[in-house]
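What follows is one structure encoded as structure tokens, with my remarks underneath.
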Amino acid sequence: MVRVAVVRFPGSNCDEDARRAAERAGAEAFFVWHRDTALGGADVVILPGGFSYGDYLRSGAIARFSPVMAAVQAHAAAGGTVIGICNGFQILCEAHLLPGALMRNAGLRFVSKPVDVLVERVDTPFTWAFDRPTQVRLPVAHGEGRYVADGVTLAMLEAEGRVVLRYARPAAGTEPNPNGAERDIAGICNAERNVVGIMPHPERVVDPALGSADGLLFFRSLAAPRPVAGGTR
Amino acid sequence: MSYRVHVRVVPRAGILDPQGQAVEHALGVLGFAEASGVRVGRAIELTVAAGSRDEAEARARKMCDRLLANPVTEDYLVEVEEA
Amino acid sequence: MSYRVHVRVVPRAGILDPQGQAVEHALGVLGFAEASGVRVGRAIELTVAAGSRDEAEARARKMCDRLLANPVTEDYLVEVEEA
Amino acid sequence: MSQAAPPRAPAASAFPGERPVTPEVVREHNLTEGEYARILDLLGRAPTLTELGVFSALWSEHCSYKHSKPVLRTFPTTGPHVLQGPGENAGVLALRDGWAVAFKIESHNHPSAVEPYQGAATGVGGILRDVFTMGARPVAVLNSLRFGPLDQPRNRWLFAGVVKGIGDYGNCVGVPTLGGEVGFADGYSGNPLVNAMCVGLLREEQLIRARAHGVGNVLIAVGARTGRDGIHGASFASEELSEASEARRPQVQVGDPFTEKLLLEASLELIHGGYIVAIQDMGAAGLTSSSAEMAARGGVGVEIDTAKVPVREPGMTPYEILLSESQERMLVVAEPHRVDEVRAVCEKWELIAAPIGHVTDDGLFRVLHDGLLVCAIPGQRLVDDAPVYHPEAREAEAAAARRELVPAEPAPHDVHRALEILLDSPNIASKKWVFEQYDSTVQAATAMGPGSEAGVFQVPGTTMGVAVTVDCNARLVYLDPYVGGKAAVAEAARNLACTGARPLGITDNLNFGNPEKPEVFFQFREACRGIAEACEAFGTPVTGGNVSFYNESPTGAVYPTPTIGMVGLLDNVQDRVPSHFMHHGDEIVLLGATRGHLGGSAYWAEVRKCIGGRPAPVDLDAERRLQQLLVAAARARLLRSAHDCSEGGLLVALAESAIGGPYAPGGLGVRVDLTGYAPAATVEALLFGEDGARAVTSCLASNREALLALAVEHGVPAFVAGQVGPRRGPVEVRLGETIYGWQVDTLRRIYHDAIPRRMAEALADRAGA
């Protein structure tokens, strides 16, 4: 069974949600405290959402230096899967495991609402259970989610197919880009495709009894073995 | 004439500054033990068209009083340089 | 010796600064037509214990590089005064 | 109070540099001569300044309820499912299978009027602590807000600041906001209302009460350091200004949601791990009330050394340390041999834990500072012998006269325009601008979020759903406090029932003016009478609440606003009923009787510019039958939607149902024929009257007969009005030969733009404030 470690920083508040979502998808999920220096033999590491260290200074800027992050860096360097959701995505950018930065929403207000996003790449460990690019509706809840990077980086992300999640284009009946992110970027991965960060919260929509399970396939992806090359791409 | 004005807005002494506390704690963890009394506020830069340096400063202070600073919780400091 | 250090962290030129735009707009609405080119960032004040002014500045710059500023999106400026 | 001769309290000494207690100083502490005489009698000597501060805090309206106690005693507070009634940090009701909810509402009106962002933020912090100190994990917050009209910059500034403050705090701690309400009226211009409610979940066996016991047990201060925040300014108001006094100026309380989150996790670990015997938030009157109240509840004494309290600033006096209202602090009582474990848990969460005193057997509230005894008061009497007043209550003539008012200018009879005006009124319009700033989905248990009749969350690992709402139509209370009080409880219960939930109990936040004014106390007493009767009738006991008096400003008193926070249960969260029309072709069924009471209606206020008339009487029996019908219909899965019919009347309820939820891909059309529905009523009265006990529902055509039969069973009138139309279709209402028509998406745009349009320049508004 795939072992999923959910890192708890002081101020994490989606840690329990992420753990439950991973278990619902069939993984074995457990917490790792930010002061731990080992990941308990995890195959997958999730940096959950929340306000690590209150998001003081900049979101993720302080959490990035937590003792556990050395182990996370090593896990990523060894090709292990690392997923950052919302605050986790911000931490990954601050830690330079992903390029760019997440800045104050263009609207200058915290935004909590469902948005329509296109799962553009299904060749990452967080999305390969989608067998083709798919539009899903996921909640966002953040004050600093505007993805920003220099032109060169943006061009590279596009060229290398590293924009994993993109906010839907404005249209009747869709809830588009909520934060002014460049190129409607909602999630990206690193060049090796084993580190993925996204702003929306799939872990909050995994139970049909609550109205939507649009997020479940993300966690099924984590729990499922990597599809054979030439398989679902 | 136009001047470049630098405004610093910081939490008033005695007022709790959770952000400053968190940054100070983090600096300590990073081995910057020599840092203390950290306060975090806002830095605002703007260009002000004015007849004189003094006028530019006076106008900038008005902006602080009316908009840039919160009179209940913050102090501000204005510096003017020729643009 | 200890020094009071003033750090200003501002969004790098070319990076969209919606907060600066909003403040500039609000200033306009309030009749401060003379204000332009507004950028909003962070002001950080701290006391640094160091052997010399230069050392204090050098340490403060290190703090900026490691924590206080985001190299991807922000520039910073350090001023030191005797405390 | 007891007639026994006062026990002479041991002599306490003044703290060095402290002002002597003069009649003037007594007055500055808002203590009357009578109250001071009571203190002398109670101590058998003159108090020290520190003691005076303690009395003035604990005998303040906020802590002692001296004007409201007798009236509050008339509330029904018991029931088989009540695990904890009023008197603790929060009320607790049993759900099922060992699960329970703890909930409470609290106001932060005055701090928010001075500093809207911090005032509202710290209000949320306080109510969260009230709930998790019961051993419950906060799983939902709601808020009820009142401001002056949005055409004034200051009101926009207050509104924007309060909403941001509430959002930033709750979002950071990670508790979803599932609902609330916002109202705007002139009466609130000088005095906004900010009420925050929190709901927490616990297992029955996890319930802990704030009662110090066990002589020798240790008092431990946990959390943030103590600063000079919010200390009663009066104490040095008349000191001549010196650097010293300037340095002691009371400070705005600043919230630190990050520390709150750590405090939440640490407190629950301490409680559930069985490390402690009691815990209480250091909220209003800080260390003083938390320690004195825990001691009194436990019938013991306490001794505290203020020099041991971790402080933020040097040179703080015992007076300041006792009365500081610094946020994110807890007072914990633990057995001596567990102190190290308590320390360890706090250290894990990066919190300070400092032993500051212990429980004693002499019943005294004793405070030392470095060994100097500065305060020694018989603890029980300090709390129990607070003065109680029975103010005069008399309705103002003007108030009675308002009930006779009718609109002056002739009816415009432009129904088309009237609906647009109502949907554009910030009181009725969508509150999306507000609730999009609140995280409403964190904790992954939200079944219905803001924008619905009520918030609904699932109890993790069970099928149960809990529904929550806050409501109060203050205009009705203003016109007729008794009827308005009943109506507030009825609307809250109706909102819950519309989702399919059975109402369980309430918490109330009674926001009124100065109780020493007979007309204000009349409003208070009558509103409470209405609330009590309604709660009695619905079997929803009052489990706690908060009284906020003196909500007045030069512009006068606020509308009397008894906000009702209510909690209900859905046995199966999947039985929940949406609040808006869902499918083209569904049948629209109106439940309840329409007589067409326009008195106090939004239509009169917003369209006819008349705030007056007699509010519709509240038929509690009809309300209860409607609630039971809605719950039964939900259980039988007969309903596709149910929408409460309240402000704006039938036409607004129909329009809101058609407009759809905040993220629906557009509205749905409506075609209804109301000919012969309420023949006695005029067109205006039929469409805009605000009779209670009504709901606009929709159902699958094949379920119609079953629904009608169920309605008959419950003795609720039901009228099949028409059908839900196509997406983005027209809204058509036929009355005899006349057909009123709108495009649903035009209505949707008006409804959603009303508040954003008015808030476009919010940033510039501070200057106007």
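Letters A, B, C and D mark the chains as written, and numbering starts fresh at 1 in each.
Just so it is clear, contacts are C-beta pairs under 8 Å (C-beta built on N, C-alpha and C of every residue); 3 or more make two chains touch, one makes a residue touch a chain.
In this text, all values refer to a predicted model and were calculated from it rather than measured experimentally.
Looking at subunit A and subunit D, the chains that touch each of them are B, C.
Looking at which of C-D and A-C shares more C-beta pairs in contact, the answer is the pair A-C. The distance from the centre of subunit C to the centre of subunit D, each centre being the mean of the chain's C-alpha atoms, comes to 41 Å.
Look at where the CA atoms of subunit B average out and do the same for subunit C: the two points lie 9 Å apart. Subunit C has its Cα centroid 30 Å from the Cα centroid of subunit A. One simple way to say how far apart two chains are is to compare their mean CA positions; for subunit B and subunit D this gives 37 Å. Counting only residues that touch two or more partner chains, subunit D has 256, 258-259, 763-764, 767. Of all residues in subunit A, those that touch two or more other chains are 53-54, 56-57, 62, 65. The residues of subunit B that reach two or more other chains are 18, 22-23, 26, 30, 40, 66-67, listed in rising order.
Because contacts link each chain to all the remaining chains, their graph is best described as complete. Of all residues in subunit B, those touching subunit C in their complex are 6, 8-10, 23-24, 26-27, 30, 32, 34-50, 59, 62-63, 66-68. Of all the residues in subunit B, the ones that touch subunit A in their complex are 18-19, 22-23, 26, 29-30, 40.
Listing the residues of subunit B that touch subunit D in their complex gives 11-12, 14-18, 21-22, 66-67, 70, 72-73. Here subunit D touches subunit C in the complex through residues 761, 763-764, 767, going by the rule given at the top.
Those residues of subunit D lying in contact with subunit A across their complex are 164, 167-168, 171-174, 256-259, 261-262, 349-350, 435-447, 458, 460, 463, 573-574, 662-663, 665-666.
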